[in-house]
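Paired with chain B in one complex and with chain C in the other, chain A is shared by the two complexes that follow.
Up next, the complex of A and B:
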């Protein structure tokens, strides 16, 4: 799986939780979940659980700390998939 | 320093399902989960504790510049529905929580004496963000003072400390 495919999959996972359509239209590696997409911090847990379910990976607490933007989240998904 | 967080319970019920498997384990410690499972109203307890963590995080983020998602490192010490403190990496943040109908509002401070200085500001105030952290611009002097901003559903709050 390449990064562009992972980005599209992550975009689909994040979609139900966004509160800023315009920023979502420009979803890139540089998008921030909180400051750009205005995602409620209580919904970040849902994104993490959805990422775990979709990619069949376990996100430990140390990885979860960094998951406030798209880039860090993609890196974590890739690292976890590589270890599978 | 000051932080605050507001939860609209009606919106929280709509946008978050905390009963989802794995949800509580990601954000609440075993002690906090015990408070939730034994509470008369578990739903209110979830958002009461969450608003404390969020209010404390806002101070931690301002004080250290550290940004991240680490709710398990923000440990709630629950005295009662309205009072307690939050511990995070050696810092202590004191919290006061008010629950009125569907509104849960927590204010956090670093010095317990600062509760006397807490002031709610008007929504018309001028706010500037530096690295995502809000400051109030004083009208006459143009000086910047820390302000904590919180919105959720029908509610919002702007909270500062009197100089």
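Up next, the complex of A and C:
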């Protein structure tokens, strides 16, 4: 799976939780979940649980704290998938 | 942890404490009850001359028993006065009215407790065992 594909999958996972349609249209690696998409911390937890289910990986507390933007989330997904 | 101990640790007091008793609690489930005193202030205005318990109060009751009591039990010694909690979502359906002096029972089942967020499936029944309110409620340590 390449980064482009992972980005599209992550975009689909995030979609139900966004509160800024315009920022979501420009969903890139530089998108921040909180400041750009207005996602609250409770929904951030939902996104992480959905990421776990979709990619069949386990996210620990340490990784979770880093997953505040698209770039670091993609990196964590890739690292976890590589370890599988 | 005993029922009384959990209730004493709740960050609420009258007139906004909506838990009388916790009758059952473990890692995955909690059951408790509350009787709505007819003298509660909101009955004076909801509705005028026709007191019915407001949906927001039913939601609050379900959150206090179903979410906060279970959260205190799960956190145990990690729960202290410095922790602040917040309701983050509630998706409710209100099926029957609850009138003054009715006793309701709340049963809540944990869906997940991860990264400080607790989400539960919660049901409220009246004294006849009829479901009056059902939904999913989530809260978080903030």
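The criterion applied here is as follows: the second predicted complex is superposed on the first by the 84 of 84 C-alpha atoms of A that agree within 3 Å, B and C clash if a C-alpha of one lies under 4 Å from a C-alpha of the other, contacts with A are read in each partner's own complex, and residues count from 1 in each chain.
In this section, a contact is a pair of C-beta atoms (placed from the backbone, for glycine too) under 8 Å apart; a residue touches a chain by one contact, two chains touch by 3 or more.
What you see is a predicted model; the values in this text were computed from it and never measured.
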Applying the document's definition of touch, where does A:45 land relative to chain B and chain C: first, second, both, or neither?
both
By the touch definition at the top of the document, which applies to A:61: first (chain B), second (chain C), both, or neither?
both
If you count the residues of chain A that each partner touches, which comes out higher, chain B or chain C?
B
Just chain B (first), just chain C (second), both, or neither: which does A:82 touch?
neither
Partner chain in contact with A:35 - chain B first, chain C second, else both or neither:
first
Please identify the positions on chain A that touch both chain B and chain C, taking each partner from its own complex.
40-43, 45, 48-49, 61, 64
Residues of chain B that touch chain A when the two form their complex:
12, 15-17, 20, 22-23, 26-27, 50, 54, 67-70, 72, 132, 152
Listed in rising order, the residues of chain A that touch chain B in the complex are 17, 35, 40-46, 48-49, 52, 61, 64-68
Which residues, counting only chain C, touch chain A once they are in their complex?
88-89, 112, 114-117, 138, 140, 142
Given the complex, residues on chain A that touch chain C span 40-43, 45, 48-49, 61, 64
